[in-house]
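Here is the structure we will look at.
We call the chains A, B and C, going by the order they appear; numbering starts again at 1 in every chain.
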Amino acid sequence: MVKNKKAIIILIAIMAILPIFIKSKVVLNAIVLLLIFATLGEAWNIITGFAGQTSFGHAAYFGIGAYTSAVLYFHYEISPLIGMVLGAIIAAIIGVVTSYPTFRLKGHYFAIATLAIAEVIKQLFISWRYVEGATGISIPILPRSATFMERIIYLQFNEKVPWVYISLFLFAVVVFICDYLENSKMGYYLKAIRESHEAAESIGINTTNYKLYAMIVSSAISALAGSIYAQYILYIDPFMMFSLEVSMKIVLLTVLGGIGNIFGPIIGAAIFIPLSEFTRMKLGGSGTGIDLMIYGALIVLISVFQPKGIIGIVESIRNRSTKKKGGEGEVEALTRN
Amino acid sequence: MGQIIVNGILMGFIYSLVAIGLTLTWGTMGIPNFAHGDFLMLSMYLAFWAFELIGIDPLLMLPICILAIFILGVLTYKGIISRVIDGASLTALLATFGLGMFLKNLAQFLWTPNYRYINDALVSGKIIKLGNIVLGVPQIVAAVGSILLVVVIVYFMENTRTGKAIQATALNRNTALLMGINTSKIFAITFGITGACVGAAGALMSSFFPIYPTLGSLFSTLSLVIVALGGLGSIKGALYGGLIIGLTEAIGGYFLGTQFKYLLVFLIYLIVIQVRPKGLFGW
Amino acid sequence: MKSKLVVLLLILSLLFTTVITGCSSETSKDEGTPAETATEEGGTEEEAAADDGETIKIGAILPLTGSAAATGVKLQAAMEVAQEIINGEYPDLNMPLAKDAGLPNLGGKKIEIIFADHQGNPEMAKSEAERLIEEGVVALVGAYQSSCTKPASQTAEQYGIPFVCGSSSSAALTERGLEYFVRIAPNDDMESEMFYEFMLYLNENYDVDIKTVAVAYIDNEFGVHAKEMAEKWYNEVYKDKGFEYLGSVAYATDVTNVDTEVQQIKDMNPDAIFHASYIADITMFVNKYRDAGVTPKCVLNYCGGFQDTQFVVNLGKDSDYFAGGAAFTAAHLDTMPELKFINDLYREKTNSHFDGPALEEFASIMVVADAINQAGSLDSDAIMEVIRNTEFDAPYFASGAIRFNESGQNEISASYIVQIQDQEYQAVWPEDIATSTPWVPFPDWSERK
């Protein structure tokens, strides 16, 4: 597992030097979004990849994080740095409150329940006047004369480079947390729950508690990513934050990269986000929908030809070269009836 | 009040009609098909163009729509699903999601994103009045179609070899395989039947519902909830699930504010699932 | 072993990111995809693609896919018409920039609109605004949905690039104090006042006695704002002029049926219904109104689905009597030759007449080009100076001119009341630009021809 750590450090180091070579705002923008979604993917991976509880509603925690920091800043001028932390706490509480009654549901029933919870929260936010309802919140922008210190406190930068480092910092912290979790006692318990709920209980694991711990970590991380996203875009509304599309994007890029593997989300995001940005920029101006057509077709092709995710390629090469089987094994997150 | 209940029931049947197809594939193969609503969209476009270009009424298009989407379902299985069904979990979902996105935008590419509407079909705009209660004829036709479809599917599942094979496969795929059932063929047929159901729904709905490329998304999500509410794989479940959702939406919306219509729909699912963790009729 | 492979893969995928995203900005500079389409269709500017470096780039951010794609594609066609008129030579067309090819004060340089798709997603609107600015556009136009116009125009403000918004109607847009933002369409604030004034006019001249008002609105930014403005004007002014506000009915954005909504409206039984709806929902509403026999005295629509010509195509004779605010009617084509000319160009592309939002987006390109031409430079502050302080000649609007006030709102409202009569949009109020008299009140549904 030391190797894992080495790989993570190399990866982060590479990402950290990138902004020195890349000056294009378009590419830097793609990198920021990529890192935010990779962070979300890591969060989702904890509850689904490790613990085997498929969530189709992670947009809820993402949105709650974004809304907490944005509302505190919008109404009371509280620094988003504080808002972020509060957002993570609130998201974790909501994660526990909503998950506790749903954790006894199996497979797809749980997945649809998470989807339903996210939709309920979305509808509530649309009608909630205090958070500006359907109108959404435009985060007040700092004057151009704002000092660097003010920009850090209120987390607003006109340049892209600080954003790359902020999102990279969050991603790095999250990856190390995930790596630690995966190899901790809790990580093994979660995997035991994933492989067989009954077996895990029979050896004395309190499955509900461990699933709740996983949910707390997962929702808190999602909320942190949400706050950063809100400060980056400077505008949020319930439709963009709580949408099923966001939830699905998180699921898809992690599945694409490799579910249950800490490198899965970043690999998935590194392919998924640029792909969607690229097809849109290159062909979106035509107004025919051809960009999303190609994008959809590519998703189908990838899943058909690499059904184990991109990480599957790595594994198969490794298996071939070392001639030994096993290792991570494949994740069976949804129990088939 | 009577009007609201009637509206809720009629809408409920339409939801059931769309959801019945989904429950079969989901229950049998364990794949929530996110392109389900987009199959519906294609069927509606088929009915629309037949009406617009050749003048065939959507109701007469019913068999053609059923057949066309049946074939599409089989092709989807052969071309895509069969290749991903044994991959990592959720890969099939990834594939159906991509397919849905492809189909939505294919429709925009081919037929522009305009909102289409068939306003002078055989049953369009006709109403029946029962005292104070107004019933739309197209909705009644769709409701009747939905009931007939349930009867046909239930009969098929209970009384034919293929139907029984589908049930056996749904219960345990490996055992079914050992018993000599060609599960791959069964899956293809199941996907085809799913398509046929949606095809029928599309033809029936096209005479009163606006037709546009993205209409599928909305029905996909609702169908997922209806199926999970009724119990995966349960046809009866999809029927009752649809009705419950339709009624919740109409009655709840009327008293609590129509903007909360869908909130109540999802809330009902969360409540029911507390009492019956495998849906109303799930096993 | 494994870690090496992972790192290798990551480096590859990152390279992939850099290469393809980098390519995208380079290639669109080299080939100019939008210019290609324009030249193919326009036919008047063969050289436009050849001397690419010489064109003046304007960025247009629109919902070209997703739920508002139907409108987005029309707005795109309208902007392309504006580009043709500016770049081509139309000696007989009495409109700014039409007579000469390109912008005369910049040595006949041509404009090139670069289109970008935001899919109705604010995040993408922001990304696209940044990309277009990086590609060197001198101004931005768009973005139709107010929720996307907000982040896109904030980005423009950050970089000091003028943003001329055509058809987004949320009043909040011009209340943000942005220096580089102006908007052409009348906002829902102005439309609400117009609706009440129109009803007063009907009561005085047609003896219809409209008293009670209800609002049906889609539960998003557009609808909520429209409702708030309808309530604001009622409370501040029109309560004292004999109107009574009965309440409002909100419905979700992705609505599959409007049975319950219509039932609620029926129970309220208002004389007038204000609708803030898109084309899919308004179509369902009209059908349900007919089935349920809802007959108010008038229905007034905010800028949205009603103005889409598909409304008449879809609903046929059921669309009669519905009214709303719009900046365009086909009935004006006979009296406004400039409008007829551009409408003919537009019909070649879309097979339908202009509609309000499309004409406003057309105007946004004309204003940007006119401002660049008058400024005589590509400096954004010089352009903004002109935009802020000039009254632009707009022969395609019934009002004839565009002038922005302090906050950036066009204060000469281009909008008037149109009503569908015999399946044609007719201007019915104010009287000086009316092409027909209003049809009031609604007849019973069974009495319609």
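Throughout what follows, a contact is a pair of C-beta atoms (placed from the backbone, for glycine too) under 8 Å apart; a residue touches a chain by one contact, two chains touch by 3 or more.
Because the structure is predicted, anything quoted here is derived from the model rather than measured.
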Which of B-C and A-C has more C-beta contact pairs: A-C
From subunit A, the most remote chain by mean C-alpha position: C
CA centroid of subunit A to CA centroid of subunit B, Å: 31
CA centroid of subunit B to CA centroid of subunit C, Å: 35
Shared interface positions of subunit C, touching two or more other chains: 65, 69, 72-73, 219, 252
Shared-contact residues (touching 2 or more other chains) in subunit A: 123, 126-127, 288-289, 291-292
Per-residue multi-chain contacts in subunit B, two or more chains: 105, 108, 113, 213, 259, 262
Residues of subunit B that touch subunit C when the two form their complex: 3-4, 7-8, 10-11, 15, 105, 108, 112-117, 119-120, 125, 127, 134, 136, 208-210, 212-215, 217-219, 222, 249-250, 253-254, 257-259, 261-262
For the subunit B and subunit A complex, residues of the former touching the latter: 26-27, 30, 32, 34, 80, 83-84, 86-95, 97-106, 108-109, 113, 170-171, 173, 213, 221, 224-225, 228, 232-233, 259-260, 262-263, 266-267, 269-270, 273-274, 277-279, 282
Residues of subunit A touching subunit B in the complex: 54, 101-102, 104-106, 108-109, 111-113, 115-117, 119-120, 123-124, 126-127, 244, 248, 251-252, 255-256, 258-259, 288-293, 295-300, 302-304, 307-309, 312, 330-334, 336-337
In the complex, subunit A residues that touch subunit C: 3-4, 6-7, 10-11, 14-15, 18, 22, 24-27, 29-31, 33-34, 123, 126-127, 133-136, 138, 141, 158, 229, 233-237, 239-240, 263, 266-267, 270-271, 273-275, 277-278, 280-289, 291-292, 310, 313-314, 317-318, 321-322
Subunit B-facing residues of subunit C, complex: 65-67, 69-70, 72-73, 219, 249-252, 254-257, 259-261, 263-264, 279-280, 283-284, 287, 290-293, 308, 310, 313-316, 318
